[in-house]
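Below: a set of structures, written as structure tokens.
Consider the two complexes below, in which subunit A is the common component and subunit B and subunit C are the respective partners.
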Partner chain A sequence: MSKKTINIPLGSQHISLLEPVRFKFECENETIVGVDSDVGFVHRGVERACTTKFKYDTIGYVVARICGLCAITHSMSYTAGVEKLLEAQITQKAKYLRMLLLELDRIHSHMLCLSHTAESAGFEAMFMRIMGDREDVMQIQELLTGNRIQFDYVSIGGVNRDIDTLRAKEIALQLAKLQKKIYGYIEEFENNWSLSLKFKGVGGLSLEKAYMFNAIGPLARAAGLAIDVRNEIDYLPYKEIGFKMQTGSGGDIHARNTVRLNEILNSIEMCQNILEGLPEGEIFTKVKGKPQGETVVRYEAPRGELMYYIKGNKTAILERVRIKTPTFSCIPAFSDIFLNQSYADAPAILASFDPCLSCTAK
Partner chain B sequence: MLHSLFKAFTNLFSKPQTLDYPATPIRKDKEYRGLIEYSETDCIYCLKCEKACPPGAILFTPTDQPSENEKNKKALEYHYNPYLCIYCGECVRACPKPQEALWQSNKKQPIASKQDAVNEQWFVLEAQHKKFYNTH
Partner chain C sequence: MMQKIKIEIGEVIETIESFYKPKVWHFLTLNGVSLDANKLEVQWIFSRYEALDDIVIYYVEISYETLIPSITELIPSAIISQRELVDMFGVCVEGSEKGLYLDEDSMQKPLAGCSI
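After this line comes the complex of A and B, so read on.
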């Protein structure tokens, strides 16, 4: 056998990719020995637009359009930053409603990722099943906010819509139904033979490497690294509603799927707690003034830590908006995981990262 | 194995998860966010909706045939672009007379064809608007 290597690209357009990213694999026979990655095929200049075209009170709607899957996380992080600068006091009810939507968003994002990992393992039926059940979550979101994807729910000072008892009841019923389905998935992902062939022991990341490459989100938690922004922030009362850190071991695709499934269960539990113990009060308080100074806001998006840096100079147009997305932070870890794996497994490994390139390139 | 065989067999008789649209209508809640609707007779021409709109889908431009509304002192006319609108509802929240002058319906936007020249007409309005505010 010769030691000659060949280069095989994956992307920027590839049948297994949902979004444009390019990985250049250096392969020795079937094994990947070198990785080079390139993101930024869908750059839209959002950061620039935020500091030139739009006023600070409308940017919440602009940044929500960066990504369809974590729209609420983006607008929430931005709004929290501006509220910090304006020293606004948000009512407890508004905070609870924000958390409700954030967790619903996490549920549907994780379900999408799970369905795609199943699809990339060749299990189309599972993909259909999860996508069909994900529709229930989309309907809950539509009931709550009036729209399926672009919620436009958070505004500076609170939230835009209240929830009535009928809706809350319907949402709770749907969530209870979904919970049963998730237990079914856990059994399937745990015991299905064809899924375990593609997932168990493939694409592993050790705890040391997760530390070294600064991995975040489900990728790090699957390796056993207990890192979650929800555990660290204080502007949303996550501990009151029963947040539990979900960690796995092994860091392979199977561990990542398990962490995601457990997180969905925890999110459903949190949503139920919110609906049960929703405080009374106003959902919106008027905020006055223009942002001045600078601030950093971190929030846990479905894929990991999302960071916003906002700088204002007491005018309606901000001086700087910097967005650091979870997928961007994870790219060094991604590249390392591919090493010494089979090229045939690359699409499945990539799907298990749940990369969001429209966030990354923005 | 037996379990999955049983499941496969029952699946033969179960209904599909998809809706038989348009024979079965899709669910449409009263509160779903759709087109913004406007009542000329109740408007007080404060122009708050125009300022609040993030994409600039509401414009008030000068007109030769103003409405008979006595609040319309500057002789302006309301324009709304449903294709530019993001249905966020900021305008309705900014309106001093919500549900009377401006409200959000649950209707979908109409489909535009090339002959409608939606963009071209809107660009003309935007130019008029810019000119009016530069001179006033």
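After this line comes the complex of A and C, so read on.
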């Protein structure tokens, strides 16, 4: 006799979701045995707009609007692609300032994910504690760029705002305070009984499957797959500022949390190194010409590898801008992870993916 | 370094099967570039793990009516970018349904021929 299954949807609007995505779970009793996903609820036509409505020198600001959380990574990737096509050389100081903001962005994005993961385990106090501390990072970003979220900090040729000694000191001070708090989180996520019960051994991804599904970001690194674009590019000198690859094992929710916490510590360390060793010089170099040819540029966004393919024809309007976002790449892996898990764990597993549908459906 | 290699549509499966080693190459995505109102370039983009910007692109130039073979037998995660290509360019990819990105009442195949 065949077993009876029931279909239970999660989304497109659901209490555990921040953005619209729909997973349709086929369940045998409490166990998920089949998954179908739908990600196309907020498609905004950004790729089309980039080749029909905007000139190449404004697109960096357009693509930043794809996502509030990784705005800097989008504008950075696009800008680096155009600079590559134009063979532009930017100053070392501009590169360091770009890395500073990229890492600050990673810190607050990971903190957002950790807070929601704690919330999904019913640990409201931890959610509020992390969100409260995250606010300090938002203020650092405002101090550096003038804005909390949409920075418009990067432009073709460099960055738009310099940092003075007073601001640099204040940022270093705030980061040192945050560093201590992160050690407290690590202790909590490692040893708290309710977080352990909800996260350890739940929602795992094996290393073999991480390769099979081309997983990226903290999802892949928690499974032991050492993939981080910061390790595979040379247009930003990540090795100079102390980048260290963070990997885990087991690939469960706990491993993903641990990888994110260790990455926050490494990002803080990198920011401190940038502030201590910030090169002298200009922050902007004038770039001439119009993009011609094609290029692929990748950056490590908080959720993993972000890819831009840019094709220009020596006019102000580009022929193609292709944006491959991290969450989009991970959808097949997400679906596989849900299989054989309890439906009751689905919200916590989903929160640990840190999905960004705003990016996915760009 | 970016390496771009042109292949014929009939060689896609065979080429990717002999090239792709899951622990060496990371499949980035499938990409479409509209060449004119009738012609499209389809690209399969790969990067080498832990190598400095080692990118390989296999590409074909085809008409919009050409059936594109599916590589999901070799790379299961390609299903998502195959379905995106179907929605965005209105092409047919073997075994890939439309409707992942775009609802029936939204603008269809928005990137088909849009760059020219």
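Things to note:
Rule of thumb we're sticking to: the second predicted complex is superposed on the first by the 360 of 362 C-alpha atoms of A that agree within 3 Å, B and C clash if a C-alpha of one lies under 4 Å from a C-alpha of the other, contacts with A are read in each partner's own complex, and residues count from 1 in each chain.
Here is the rule we go by: a residue touches a chain if its C-beta (ideal position, glycine included) is under 8 Å from a C-beta of that chain, and two chains touch if they have at least 3 such contacts.
What you are looking at is a predicted structure, and each value in this text was computed from that prediction instead of being measured.
Upon superposition of the two complexes on subunit A, no clash is found between subunit B and subunit C, which fit side by side. Contacts of A:K324 after superposition: subunit C is touched, whereas subunit B is not reached. Contact comparison for subunit A: of subunit B and subunit C, C touches the greater number of residues.
In the overlay built on the shared chain, the residue A:S12 is in contact with neither subunit B nor subunit C. When the two complexes are overlaid on their common chain A, residue A:S342 makes contact with neither subunit B nor subunit C.
By the touch criterion defined above, A:F54 lies against subunit B but remains apart from subunit C after alignment on the C-alpha atoms of chain A.
In the superposition on chain A, A:S196 contacts neither subunit B nor subunit C.
For the pair subunit B and subunit C, the minimum alpha-carbon spacing after aligning on chain A is 20 Å.
Put simply, subunit B touches subunit A in their complex at residues 17, 27, 29, 31-33, 54, 86-90, 93.
If you check the complex, the residues on subunit C that touch subunit A are 2, 22-23, 26-29, 31-34, 43, 45, 47, 49-53, 55, 57, 75-77, 79-81, 84, 87-88, 99-103, 106-107, 110-111, 114-116.
Subunit A contributes residues 54, 58, 61-62, 132, 135, 139, 142-143, 145-147, 150, 152, 155, 160-161 to its touches with subunit B in the complex. Within the complex, the subunit A residues that touch subunit C are 38-40, 43, 45, 47-48, 51-52, 211-214, 216, 226-227, 231-234, 295-296, 298, 305, 307, 309, 311, 318-320, 322, 324, 328-329, 331-333, 361.
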